[in-house]
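The following pair of complexes shares a single chain, subunit A, combined with subunit B in the former and subunit C in the latter.
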Partner chain A sequence: MIPLEDLLIYSGLLFAVGVFGVLTRRNFILLLVSIEIIMNAAILNFIAFAAYSPSTTSLGGVTGQGIAVILIGLAATEVAVGLAIVVALNRIIGSVNVSKAMELKL
Partner chain B sequence: MTLELDTLVFVVVAGAGLVTAMAALMAREVVHTIMWLAAFFVSLGMLFFLLLAPFLGILELAVYAGAVTILFLFAVMVVRKRIFSQEAGTGFSVTAVLLTIVVAFLFTEEAIQINTPPPSRSYDVITLSTSLFANNGEWVIILGFIMLSALVGGVYLARESRGRPIKEEGQ
Partner chain C sequence: MFLGLTGTSFKNGGGIFAVIGEGLALAFGVFVAIEEVLAPGPYHDRSFVWLALPDGTNFVMGILVSPLGALMLIVVNVVGFLVVLYSLEYMEKEEGLARYYAELMLFLTAMNALILADNYLEFIIFWELVGLCSYLLIGFFWKKPEAASAARKAFLVTRVGDIMLFVGVFIFFTSFATATAGGGVNISPYPGAVCPSHPITWSCSGFVFAPPNADSSQPFLSSSVLTGANSTLMTLGGIMILGGAAGKSAQFPLHTWLPDAMEGPTTVSALIHAATMVAAGVFLLAITSIYIGFTVDAAMVILAIGGFTSLFAGTMGLVSRDIKRVIAYSTISQLGYMTMAVGAASLVVLGPGGAMFQLFTHAFFKALLFLAAGAVIHSVGSQDLFTMGGLSKAMPVTAYTMLIGALALSGIPPFSGFFSKDAVLSLTWSAVQKYPMMFPFFLLALAAVFLTALYIFRLWFLCFGGDKSRATGDQHVHEPSWIMQAPLVILAALSVVVGFLPLFGGFSGLLPGAASWGVFGFTVTGGHIAFSSAPDLYLSLGSLALALSGITVAYFFWGNGKVFGLPENSPLKAGQTVLVRKYYFDDAYDGLAHGVVLGLARAFDWFDRYVIDGTIHGFERVFAAASTKARQAQTGLVSSYASWIILGIVLIVAFFLYGVPHLSSLWGGG
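Coming up: the complex of A and B.
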């Protein structure tokens, strides 16, 4: 079995990659991609802790996997709304560059 | 100490995941970004299988590598005109790189300090669904409400007849 600390290091690196994308990219679609990478790093953390939880209780770490299922649904919802915003931005200001979107009201 | 097969597979899959995640952010074309992102999701799904969570691996492959990737591709097809390389913004800023290094250091340093490998355990789908629907059903209901409001918001944002176009699009 893989050591837990290796998984957490990998998850932290993925989170950092996502943060790098959020900080440097101005294309709305690339921002969404970065947020997806960040959320997947969080999901990986939950699943790693679920796999390594002590089996003393009846359910043990299966709650972590349950939270991961909920998070996967949440992330898919967030992408759907984000892409609707992308389409609306492109229709109204003619660009998906977030630096050009000065008004919050679409 | 011999190199176990699990560790070898983990190194390969994790390396592929990091490379594809970086490549997704470095690609100059948005379509290439989405393809790299799909490869990243596939590598993460393989990692979930390795972590004794086969149901979540399937879910990752179906929802992320399947649905989310296709959704991204449709969005790119709809807004295809100007969003390609000229707006990808593949530059670096020193502040962003420094902040990224700080974040990576903080997370990995905390992880290195965890030094007790606890026992591992696998769960079947019955246990997972019992935990999710019988013991923690309110989470699923809350997720349902969030998805419903997101559906309403998506329909509202994508309406054609609403609002005033600020700028004429070059036809």
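Coming up: the complex of A and C.
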């Protein structure tokens, strides 16, 4: 098997890609996509730890996989809420462009 | 004694209360003096601790009736009473009378308290108060710009003197502190003397005006204390005290305020600037010479300043047109005599009795001269000598009482001035014999005798001599009423009588160091007449001759209605100009003020404006720029805020991952 560290590095890179996306995307929807990528990176971490536990039927292995499934569901919930925010924001500012939401500027 | 102080308390309202109050004060003052004469020796009452510092220093207020103080009480209160009485009529047409009497009473309170002060600190407090009252009263007619500026001038010039006084007192205070075994600090010039109750008090032992031992016949320091390692400092202290006295008593070079102080009412001039406040300076010198003492150098300086001033002022009095200014210069000159006498007495290790005797007699005849001048001004309506003349027919009482005052001032027997001036001159002569380098000042003093007679009789002849008046316009020349005449007569009588007072042994107890009374070389000690020394005889005769010749010269120039003016092309005219411009002293001080003081003020202003304010503005600019830059972080863009958040998270995680183990290993797991 490939070493654990490689998997972790890979999920870390994925996380970095997601963060980069959050910081630079101007489209709200793509912002949500980037957040999804971050979530998936975290889930991947869990799975990696689960796969490298002593046996797949021991407590560590099953737990990890279970957490992954729950988290996927959680991600879906969160996306639903996020899309609701996007729709509401679209009503207010009339666009999905993040740089048009400047209410926080002093 | 306390009532003697409160009797002159701050009173408002009309003059009658002032007269009653001052009358009470006079009664108590005389009572105290009589007590003092009968039971000689200072009465000391240390009344209360006024300020207690944490390290054990106590500042105490107390009352001390010393022999000198008793003498001064008589002077101040007699003259004060007569002046207040006189003011009832003299000032009746002025406005602001309540203010006048209040200020006058405040002055008398402060003066009495100054005399009764028990330590230098208390003395200074009342000294300042007296100066304040002088300022208020000179500027009584404050609507006149000359009066207001004269008041300011008086205050500022005496202020310079006051600063020197503070320095002097401070020098003495710090140099006399010695540590005692009990851990406290003793302020005493007498090594081994112990303060009775407090570890340190300002009025402790020798620093207070109380003798170190119960034997009051030897009240002063032995000269040994004043020589030795500290003597330069002691000399400096003495000279600083002289500076304070010079400011108050208008000696050179702080004399410029007194002639201008004549802008105040004549009664004020009589009380404050002839008899009492200016005498406070001499009183200070006398007290210091007894209870601390002057080194030889300091005493020489005192003698020199006094002698010089006496002639210096006399020359200026000779050319003055204003009747009050002539008398003012005469005051400065006589104070010069007193100062000189204190210096001389210290040089021959005698007490200041001679100076105090001169102060005593001078107060009476000077006040007389001023009040008589006031009567003349009151009826003639002008102060210019060249508009008077021939008044002796219309105002005989005034004329003849003033004549008595003038004779006393010139030192003609049997008037009091003769005896006191003789005492001063013989003291100076003894000092000169011990220290021959002082001889020039003795000559100055002798010249001043001649000049004094000259200018005062110039005044008298111009004013009263001749038959007709030189006045322009009509005047209502008349004698003032009895209220103004009575003080004149009383003072004239006193001027005759007080010269003989030291014959009485009790009185001479009030004049330490002048235990014998002598003229023409005869001295009277305890009822025995003895011929003491030939030089004294020549001295008395000589000064008498000088005075008489002064009168004769004055008669020659100004008697019988003549007015002598220098012809236009006379070479002496330049000299006259110098005198009239007061040796350009006022101009010099003005120039000094403009140049130095204003220049300094401008420099400080520049500093304040550009350096200090500049720094503040600099700070302003820095902060404004910083905030402009900082504001740029508020973009309003969600993504930039998100990036800040993520950066913060990364830093925190890094700190906990790497920083914390580092730090705990650095601190050794503590």
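The definition used in the following text is that the second predicted complex is superposed on the first by the 97 of 106 C-alpha atoms of A that agree within 3 Å, B and C clash if a C-alpha of one lies under 4 Å from a C-alpha of the other, contacts with A are read in each partner's own complex, and residues count from 1 in each chain.
Just so we're on the same page, contacts are C-beta pairs under 8 Å (C-beta built on N, C-alpha and C of every residue); 3 or more make two chains touch, one makes a residue touch a chain.
These figures come from a predicted structure and were not determined experimentally.
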item: Most subunit A residues touched (candidates subunit B, subunit C); value: B
item: Subunit B versus subunit C as contact partner of A:V33, first or second or both or neither; value: first
item: First (subunit B), second (subunit C), both or neither touched by A:L23; value: both
item: Which superposed partner A:M102 touches (first subunit B, second subunit C, both, neither); value: second
item: First, second, both or neither for A:G61, with subunit B first and subunit C second; value: first
item: Touching both subunit B and subunit C, residues of subunit A; value: 19, 23-26, 106
item: Touch list for subunit A against partner subunit C, complex; value: 19, 22-26, 98-99, 101-106
item: Residues of subunit A defined as touching subunit B within the complex; value: 1-21, 23-27, 29-30, 32-34, 36-37, 40, 43-44, 47-48, 50-55, 59-63, 65-70, 72-81, 83-88, 90-97, 106
item: Subunit B residues touching subunit A - in the complex, by the definition given at the top; value: 6-7, 10, 14, 17-18, 21-22, 24-25, 30, 33-34, 37, 40-41, 44, 47-48, 50-53, 55-56, 59-60, 63-64, 67-68, 71-72, 74-76, 78-79, 81-83, 87-89, 91-93, 95-97, 99-101, 103-104, 106-108, 110-112, 114-115, 117-123, 127-128, 131-132, 135-136, 139-140, 143, 146-147, 150-151, 153-154, 157-158, 163, 165-169
item: Residues of subunit C defined as touching subunit A within the complex; value: 631, 634-639, 641-643, 646
